[in-house]
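Labels run A, B, C, D and E following the written order; every chain starts at residue 1.
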Amino acid sequence: MTTNDVAAPAGRTGFKPHGRSWRVSRIWVYRLLFAVGFLAFWQFASGRLADPFWISSPSAIFARLTEWVRAGTLQHNLLITFKETIAGFLMGATAGVLAACVAGASDTIRRTIDPFVTAIYGLPKVALAPLFIMWFGIGMAPKIVLAAVSVFFLVFFSTLSGVREVDRKMVDALRTMGADRLRIQRCVILPAAMPWIFTGLKLGLPYGFVGAVAAEMMASNAGIGFLTQNAAGQLDTAGVFAALFALMVVTSLLNEGLGRLEAWIFRWR
Amino acid sequence: MTTNDVAAPAGRTGFKPHGRSWRVSRIWVYRLLFAVGFLAFWQFASGRLADPFWISSPSAIFARLTEWVRAGTLQHNLLITFKETIAGFLMGATAGVLAACVAGASDTIRRTIDPFVTAIYGLPKVALAPLFIMWFGIGMAPKIVLAAVSVFFLVFFSTLSGVREVDRKMVDALRTMGADRLRIQRCVILPAAMPWIFTGLKLGLPYGFVGAVAAEMMASNAGIGFLTQNAAGQLDTAGVFAALFALMVVTSLLNEGLGRLEAWIFRWR
Amino acid sequence: QAPKAVPLTIGIGGYTFAYLPLLAAKATNILLEEGLDVSLVNTGSGTNTLAAMLGGSIEVSGLVMSDVILAAAKGQKIQAFAPLMSQYASDAIISVSAAKKVGIEPGMPLKERMARMKGLVLAVSGRGSGIDKLWRYMLALGGLDPDRDVTLTVVKLDQMYSALKSGQIDGFNTTAPANNRAVDEGLAVWVARPSQGEVPGLENFLYTALCARPGYTADKADVAGKLTRGLARASQMLQDNPKEVGRLMQKEFFGQTDLQLIESAVVDQRKTAAVPPTLSQQQFDQNLEFMVRFGHDVKGVTYRDVIDPRLLSA
Amino acid sequence: MRVCHAPEAVAVLEIAKPAVEFKGVRKVFQSRSGPLEVLRDFSLTVGEGEFLAVVGPSGSGKSTVLNLLAGLDAPDEGVITCNSRFVDGVNTDVGYLTQHDSLLPWRTVEENVAVPLEIRGVPIAERRERVGAMIAGVGLKGFERHYPSQLSGGMRKRAMLARTLIYDPATLLMDEPFGPLDAQLKLVLQAELMRLWSESRKTVIFVTHDIVEAITLADRVVVLSPRPSRVKLGERIAIGRPRSVHDVRFAPAFEDHYRRLWGAIEADIGRPQHDHQ
Amino acid sequence: MRVCHAPEAVAVLEIAKPAVEFKGVRKVFQSRSGPLEVLRDFSLTVGEGEFLAVVGPSGSGKSTVLNLLAGLDAPDEGVITCNSRFVDGVNTDVGYLTQHDSLLPWRTVEENVAVPLEIRGVPIAERRERVGAMIAGVGLKGFERHYPSQLSGGMRKRAMLARTLIYDPATLLMDEPFGPLDAQLKLVLQAELMRLWSESRKTVIFVTHDIVEAITLADRVVVLSPRPSRVKLGERIAIGRPRSVHDVRFAPAFEDHYRRLWGAIEADIGRPQHDHQ
């Protein structure tokens, strides 16, 4: 039973032959309907309910996208942002999980550092742009760092909550068997915190993109942030939305991928 | 036992008379040590390891803070940012929890909207500044909205994960007793998702501040973002850090408060 | 020719006409002809550009002179070695409706216009920023007290046009093309045009310049020389053939903006480019005085600290 | 209906009005080692007001039967009716005391026990009174304000028992309710259950591993076969009521019942362990 | 040491080398309705290689005693020694089969059972072999690759049993290991446990509610009093070994033991329910 449908008669769907694949394709139909409806409304509203200067229109955005794809602009810039984000995401997520394991291992450490980590987390990173630029330059580094930082905190706090929520009984069971700290981390705490880690990853990945794009907007000559900034500088709303749209598609696809990975990992449910 | 210390001999501390209060004050001692050490290093580094133009120094920041407090600047601006954020936080958090309950109630709804919500979540909000200005003006409204939006998504996704993680057995138990959807939400799903909701809130609150400050940096006449922006424009690093420091203190204190509230709610553990 | 071209990254605070000669030199391929393969990086603000330079990730940048002086006052060593704009290229506009409301008309003298600005909401990019100073300076000409008679509200540079268009502010001053655009589209009217030299005390004002760390002109005399030469040529070309430069700039930097607009903006702003290129003591003093007037603590900064005129005298 | 294999077929005929009926039910679980058929052609009828005890090997499908009846799981084949309605969704006619712990950990014992009354909208004063009485009935007086994590295993089961009984549903499903209780308390609660049942004559399906308990309480005891499970023996208990939980084991028929049931269970020795298909 | 109240004092003298000792242990839990004293002046000695069964009322503190010995909780007064060492942290000398479920839900049965061997660094080939044998021993063959959520209640308990036995610790603590098993399987596993124990002569503390089971397996059965708990009766079982789980109940001493133990338990009828101080 993969369903969480509180109201549906439990399970039955789950047992039908091909139940899952039908379910999946049905979801895609709904998604398509939703997207088409939204775009249609947008197209209608543009010029009628609102000035296209502000909201552009799906057709204009699509035209811009085609143009960019033809010229190779989109692929080029998207790939750069993608690389930066993935690098940052991997670093930030790894560091986040590890740091949470360390901090979660001792209540004293956790409670000591908690306000400081929160404080740094709550800093508006834009305000530190000059520091970022000075330390990391204007190449890929500051984008990767900002993506990593954005991902780190979300993964860290989520994982930390997960580590704290671990069922003591399982930990105790392994401790009486003589398991050391590391094994308990590996065999109990990490798997038990998995739903939390995944929530952190799913929260973090899009923010990694946001971080990389924000850094690109700060200083760059390539990437989605650059495209956006460039378009914004020329008050080219269609260009801004086209760049953001490409970003959204990538983010959603990657998060869908994370969801699949999660489902596979949680096959024991 | 409030401890999560994997290595410590379980429990014993928890049973000592006054164990808790001693523990609490010890934590504060550690925190103080940490803060003092950090500030001392910063003060030392400033001018020796790095140019104070970039990293300023605790003493300069402290001087600026005193000056601001005397003049009332700090209180005035901090209060404004605080009000904006709290208003946004309350709106965003409430909406986040409610939306998660609705989305979590049906797997179909959840999976249909998931990519769209993720996509919007992953939008760099700065890129939408013109829209924000057009729709919400340059007063308090855009700050509240941006704070609310930032909080909303973090609370929404966390709560949604929590709702999905709820133990089916408890839900089933209540369903056989004839409980309707609403009661199951209220009696099972919400309490069970509480740790997730709190994680969302603790992730969201600082980002609410970040959102409000970012909006203030876009357009404003007051607030921490305004202070920061002004100081940055005049290459006044001490001013930037002083404003950010004030923000950090408020964020940490509020999050500490959230932690207390959480501990009180989870007294059943 | 191309293989010989030396790559060079130059930081700027935005694709605006504050760096007009630089944009022109790049768009017209003059720099390439000089043997420089220049790429521009938009850092969004002077602070960020400074940070990039001091952090070592770029060697040359376009900066507003007052930022350079301010940085020098705070102990940072940066020198201007080639002028970009020698007019205060920040023109003020207010929306058409605001103009109607307060009764400002094109023919009025500047003082009269300023005197009528009472009660308007005007955008600045930050307290103490160049835009802020310019408003205060000009409003004072009209006898207004900027702190009481108008509302100066902080709006990020690149949001000023949007804020005006959506009616959140009545006016702003900034470099082209955002203000030209608002005027061309009939959204706004000019209220003060320092770029045209109409503001007393701000004529021939050294506004922006190419900067580097001290010694750059000695160490990289070759590159710096080519740059200076290229800029001089581009400035000249701006005077001679502004429409052509405008066309090339539109192609290179403003692909989504109306060609007409860019061309007319270039024509309009061409006089701001430094022709002939000078970085004189008098220009420096004027800058310093302007800053001191608004309470900046920059008294200790000398001409030698922030200006390296050796390439120009050569 | 294929009754030829079902020894309780005779009993079925005697029952005027069936409260619960399983007809040709099949249930297959999927797992990494392939499908596992738990119930195959499973049929069972429980009369209204009948107290049925179910015994059978561990893993034979007793809990599965109760889950199906409660509508928490769906059969792959066959139909299940409860009080003349098809079960094809959660069955709110039943009170189900599950084998696993299903107390709400964030509610105290009294708040947990009160849940069914809250759902029914019973006024707070009456609720408090009934909850208090029920908690005392299962011997948890003094623990009203404890959270489940502060109870022992047996106490948790008793709290669940209180929650199920207070609910007063038409049909009671109980999965090893007295398993983790000491012999003495078990007798007390068995007696209490008997008293409640004889007052209200609910239909009860009671899973247990304790044959003595099954004989003591039930009108009929069914023995499930190993997987794929069916009813292997239906033993009508010929001991008159009212019964005393202390004395049932000395009733003349007891020995016979015990031996027959034990024989049915013991026959499964060497039962197949490999049953993945 | 105050032994005057402890009827097993005599037994203590006979024991050459105590493996486990509780001396004057007091344990108080805090709750919303005030402190709850569970153990007061609790003393108990278990000899090396002794098989001790513990019975007592639900909620009397049996699991608490095991938790204290495993070092998962700390006493408020008194000392506990295990194999000549003070217990003041997690006691890794014991194998503890807890009353609650503590399988790792994300591991299959075979992976769960293998955990203790992994911890000890047993090579993978040997591990696989021993795990396979142990799983077959508890009758879970065919379920090696099932996850705990795919097992029945009794099967989960058996998986836990396998995990505890494979570990081969010096001292075994078992909290109602055979509770949710059918009568037949219970006998099989009791016999298996007896065989293992007589081969290795580990010290075993075995909590159960089944007096017959206690007599069948143990060298000595202690009965705990209601809260605050102490050892109320220590009954040395005078039935020779080797014993057959099927025949113990027909041993001449059985009846006597049963009556005495039952008497000790039954005496607690009307035991205080309000015991918050």
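Basically, a residue touches a chain if its C-beta (ideal position, glycine included) is under 8 Å from a C-beta of that chain, and two chains touch if they have at least 3 such contacts.
Since this is a predicted model, take the numbers as computed values, not measurements.
For subunit A and subunit D, which third chains touch each of them?
Both subunit A and subunit D are touched by B, E, going by the contact rule given at the top.
Under the touch criterion given at the top, what is the topological distance in steps from subunit B to subunit D?
1
Where the centre means the average of the CA atoms, what chain is farthest from subunit D?
Relative to subunit D, the chain with the farthest C-alpha centre is C.
Using only Cα atoms to place each chain's centre, name the chain farthest from subunit E.
Farthest chain from subunit E, going by C-alpha centroids: C.
Tell me the chain pair with the top count of C-beta pairs in contact.
Highest contact count among chain pairs: A-B.
Quick check: how many Å separate the C-alpha centres of subunit B and subunit C?
40
Taking each chain's centre as the mean of its CA atoms, how far is subunit C from subunit E in angstrom?
84
How many angstrom lie between the CA centroids of subunit D and subunit E, rounded to a whole number?
Those two chain centres are 28 Å apart.
Hey, what residues on subunit A touch two or more of the other chains?
10, 54, 130-131, 134, 172, 175, 217, 232
List, in ascending order, every residue of subunit C touching at least 2 other chains.
45, 47, 50-51, 54, 162, 165-166
Which residues of subunit E are in contact with two or more other chains?
Expected reply: 71-72, 90, 100, 108, 147.
Which part of subunit A faces subunit B closely enough to touch in the complex?
1-8, 10, 26-27, 30-31, 34-35, 38, 54-55, 104-108, 110-116, 118-128, 130-131, 134, 154, 157-158, 161, 163-166, 168, 171-172, 175, 181, 184-185, 189, 195-196, 198-199, 202-203, 205-207, 209-210, 213-214, 217, 225, 228, 232, 237, 240, 243-244, 247-249, 251-252, 255-256, 259
With touch defined as at the start, can you tell me which subunit B residues reach subunit C in the complex?
51, 53-54, 129-130, 133-134, 137-138, 217-221, 226, 229-230, 232-235
What does subunit E use to touch subunit D in their complex?
Its residues touching subunit D are 29, 31-33, 55-59, 62-63, 99-101, 108, 136, 139-147, 150-155, 158, 175-176, 179-186, 188, 209-211, 262, 265-266, 268-269, 273-276.
Spell out the residues on subunit C that touch subunit B in their complex, using ranges where they run on.
45, 47, 50-51, 54, 67, 70-71, 74-76, 123, 125-129, 151, 153-156, 159, 162-163, 165-166, 168-169, 296
Could you list, by residue number, the parts of subunit A that touch subunit E in their complex?
Going through subunit A, the ones touching subunit E are 169-170, 172-179, 183, 187-188, 191-192, 194, 268-269.
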